[in-house]
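The next part holds the structures, each set out as structure tokens.
You will see two complexes here that share chain A, one where it goes with chain B and one where it goes with chain C.
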Partner chain A sequence: MRIDGYRYTWRLPLIVWQALFFIGPLMLMVAMSFWLVRNYRMTPDFVFDNWDRMMSRSFFWDAYEVTLVRACVAAVLATLIAFPASYALAFKVSDTVRRWAIFLLVVPFFTSYLVRIYAWQVLLAESGPINAVLGFGGIGPFSMLNSGFGTMVGYMTLVLPLVIILQTTSLAGIDRNLIEAAWNLGASPVRTLFRVIIPAAKVGLIIGAVFAFILSFGDFVSPFYLGGSKPPTLSILIIDTTKSGQQWPLAAVVAIMMIVTLFVVAVAAVGAAYGRRRS
Partner chain B sequence: MTHTKFTRRTLLAGTAGVALAAPMINRAWAQDPVEINMLAWYGHAEPDMVEEFEAENNVKFVPKYYAGGDNMLALIAQSPVGTYDVILSDAEFVQQLNAAGYIEPMDSSLFPFDDFWPEYQNFPGHWTGDQLWSVMVRFGLLGVAYNTDALTRDEAMSYNAYWNDKVAGKVGHFDWHLPSLGQMSLLNGNRSPSPYDIDEAAWKAVQEKTLTLKPQVGGYFDYGGTFASLKNGEMLAMAGIGDWITAVLRKDGAPVDSVIPEEGGIQWTESYSIGKGSTKAELVNKFIQYMLSPRGQVRSIQMAAYPGLSPTKSGWKAIQEANPAEAERSGLIEGAEQSPIKLLSENRVFLRDIPRQQSLEDWNDFWSEYKTA
Partner chain C sequence: MLYLAIVFAFVFAPIITSMIFSFNSDRFPTVPLGEFTTHWYETAFSRPEVWEAMQNSLIVALTAATLSTALGFATAYTDYRYNFRFKSAYIALALLPPTIPLVIMGLAMLAWLARLGISGTLTGIIIAHTVMAAPFAMAICRLRLSQMDPALEAAAWNLGASQWRAMRSVVVPFCLPAIVSAFCLTAAVSFDEFVVAWFVSGLNKTVPVVILEILQGNVDPQINAIGTFVFLTSMTLVVVAQLLITRRRKA
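== the complex of A and B ==
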């Protein structure tokens, strides 16, 4: 068997990168989940105590459920909110406007996510400007901070620009002849949207939703600073676990469960995105 | 060959030149400041605390700040011996520092224990027999922190204030199980020997009582979140904190205050130790002496990051002279209603501790369960 050296040389950086910064740390974390902490110092071992302990606690499964549900809601919300904007950018504006819009969608990433969340703290506070404006209309005040709503606002701040960019790219790549053909054959705009545009942009829409899920599932900042840790998500549980007694092995158990979940969701999503095309 | 002729004018010019250049020469000749590595809570190596000592002794503090005693112990455990010259620790962790061999023995004759209030002279855990391991420099009390527009002082004089309808959904927790659960334990009447030394039945009762508070709770906050939520009125009462936060907010004009309720308060205590293997023990001792001096205590009481109370009589006298309003506000006047010494004599102050009959993990697991309930 002849090894294609040229091809493997180009693949090498990716393999080295993955080995150094993903596979290596992942293996270490898996090993760490079987270690013990003695006198605030981790001791290599091979015991199942951490797994037993974390898996048997109701608070872990409660936090797991909360995290999963909120990430799903964030993915669906982001997809729905982003779609009209993406559709407009893909089909209703000139190339120049689209380029500017995409640039402007990238601009929020120039600022730290944490800073943007602190800004939301001010805006969403009961004594903040949003409630002040609502107050002029005789509405409110509403408790938006330290709630699921606050957390969701944070998630959207994190994921929405990215989802719009992914959706726009996907929608803009649709063959216009397909849309025109649907119209010529008498399809209504709604029917064209659901039977032609969405199926054609399926990959981008699913990938956008998956990114929204992944980022929300692992986010610590929004549920902590806008949700008031009420209830805590898995990321907050990791912080709590390491804060008390330096239980990094227990935190590793939580982290591995998160990675497994994300892996399953990502594989299922890729299957859903590309599955039918292969057949 | 040219000869320089020295006249009175050249002599004066030369002298003036040397005089003008003297500060530069002096600075160039001066030794670089000695670096003292400090492991402490945030704020202890900031200019408002150490600039005077640094200038007088040509030293420079290099801080490593931690967030919590567990974090402190882990940082020491993961560092080579001698990394930290001076370690600031909460009282409940001093014994663990000592047991793990992380600190050096100290010479008690170097410190003015006669000036300490008797209640703090032989502080638990700081001594083994006659051997001193750590010197207490400040403390504070945790009680009911509340928004003065929402609750009256009388209403706040019991931990039952957290269940008051006026603060429904607006009770926050400082996100650390020890202070909040200690307060719940006090509310359940666990005073002797300590709210942290309770049997299984009492621990179960504390858990049940704590869970009844859940509908009132608006969130769990870190240091910054606690400040923000009290300041912007999102939270109207906060469990697990005290004057160390509300005093800073009051200076900012926020309508908040804290009191030690009838059931008693939890005391936090900060003490300095010399890190194992430090080669700068002499300077560290000098620094601790400075912090215990009246001017050091005045700085400590008014520390910008979070204020503390003074364990020394001269510290009380000094703050009464330097800032009478602050002395009155913080109760550093003998006989004042919320004077810590008076509260101690009334058996209304209990040292924050680690659980004595349960494991730390048990308390932490319950805290996680409570948060997800």
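== the complex of A and C ==
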């Protein structure tokens, strides 16, 4: 059979490109975690030194715990904060307003996240505008930077627009008849919300929360510039280890642990989102 | 409604703040504001490294956008037209990159490009950005292709056009708005990306990497000035992309 050149012209570029520049780098990183570092030089090998060294350090587990807990809190918080807003966008406003709102929510993706975090650094500072305003009201000043609170503000800046978009899309997709049927059958608004709307929008809600988790779990800017990097998160750990000479294998260990964690969370979430539908 | 306003205020507070303070004369921003000044723009743009970074960013964004749009279109067309074994794995491979945390992409890219001997070059950043932006290009092209009647391409074949000819005179013209908007969006993604660029850039810095390095120093309103400039550039790209998408909806 003649080889269909046309077909492969379109199909192969992605495979070749991703193998060379996506799978390749990730595989190398996994391999690197077993390499040996001696006298600041890496040599290919298959030893568990890096794994032993990382896993036995308490600072690694502390960082792991901080990162995991904060990302979970961010996911829950983002879901709770976003939901009333998404609900309003899905049910209380006209289509035109909703389209505009979603367009506005896309805007932040294209503003430098760094600049936004810098702006929060200014806003939240002890002598900054927010404390000044609070000062007129006779409260404060609060020190909001270099704390878990600061980090959370940063995470929300990063994830809220996306979570609201995902939630709104899934809420707006609910069949209105379903909701009206619930009302007609005498269900109270609260009961309708919990028994009809939330279950129907479950997939969107869970996907939103998962994205919030993934993004906050991997982010280093907020914990570094707003959280004061004490305690460090896993991504800060990777940066510190990478930038300090040839410790890439150790950084690779941390990176693999992060990917495994994200994978487990993603699988669990997909299971939760689609799993119990059948019953 | 009030709640909605508060949430939007939170989302936009940092963007608006940085714009306001980029014109504010006080070095340490406080309320009330100081005087209006373009001083920070002047200092920022009088620095040769900012101009150099601007140039680098432009080269990287345009090249990465071209590559990732081409890659995204080819992949989207494959998904639209063909069925084959392992297709779901193929699609997963295409869409996976954005789910990997940036820091990890940075580390893996740095190690890989160092092996290839191109870490610290613009080529390295272009490669990394293409990997990260291609999924977005693919999504946009795929959306447009799904609006195309499959009979259109078949009709061209029946009229005696070769597959290549049909691609050139039917599929590409139909997808042109999507291709242009994919180009703009991927350019904006690359123009803004700093984590991976920071890992692999070395001395050839892009604009966001320069921002990151200024930020590591001290409170410096120049960041607001550069940031506002970057924001306007990206927004122009996004608005152009958005206009193309809405126009094609009406068409």
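Basically, the second predicted complex is superposed on the first by the 250 of 279 C-alpha atoms of A that agree within 3 Å, B and C clash if a C-alpha of one lies under 4 Å from a C-alpha of the other, contacts with A are read in each partner's own complex, and residues count from 1 in each chain.
Methods note: a residue touches a chain if its C-beta (ideal position, glycine included) is under 8 Å from a C-beta of that chain, and two chains touch if they have at least 3 such contacts.
Small disclaimer: the values here were computed from a predicted structure and weren't measured.
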Counting only touches as set out at the top, which of chain B and chain C does A:V190 meet: first, second, both, neither? neither
Chain A residues touched - chain C or chain B, whichever exceeds: C
Answer with first, second, both or neither: which of chain B and chain C does A:L14 touch in the superposed model? second
First, second, both or neither for A:M156, with chain B first and chain C second: second
Pick one for A:G128: touches chain B only (first), chain C only (second), both, or neither. both
With both complexes overlaid on chain A, does A:N146 touch chain B (first), chain C (second), both or neither? first
Which partner does A:P231 reach: the first (chain B), the second (chain C), both, or neither? first
Report for A:A85: first if it touches chain B alone, second if chain C alone, otherwise both or neither. second
Applying the touch criterion given at the start, work out whether A:I164 contacts chain B, chain C, both or neither, answering first, second, both or neither. second
Dual-contact residues of chain A, meaning touching chain B and chain C, are 121-122, 127-128, 225
Which of the residues in chain A end up touching chain B in this complex? 39-41, 57-59, 62-63, 66, 121-122, 125-128, 143, 145-146, 224-225, 227-232, 237, 240-241, 243-247
Per the contact definition, I'd like the list of chain A residues that touch chain C in the complex. 6-7, 9-11, 13-15, 17-18, 21-26, 28-29, 32, 81-82, 84-85, 88-89, 92, 101, 103-108, 110-123, 127-129, 132-133, 156-157, 160-161, 164, 214, 217-220, 225, 235, 238-239, 242, 248, 251-252, 255, 258-259, 262, 266
Parts of chain C lying in touch with chain A, wherever the complex brings them together: 1, 3-4, 7-8, 10-15, 17-18, 21, 28-31, 70-71, 74-75, 77-78, 81-82, 84, 90, 93-94, 96-97, 99-113, 115, 127-128, 130-131, 134, 163-164, 188, 192, 194-195, 199, 208, 211-212, 215, 219, 223-224, 226-228, 230-231, 234-235, 237-238, 242
List of chain B residues in touch with chain A within their complex: 67-68, 70-71, 73-74, 77-78, 100, 169, 172, 175-177, 217-222, 225, 228-229, 232-234, 360-361, 364-365, 367-369, 371-373
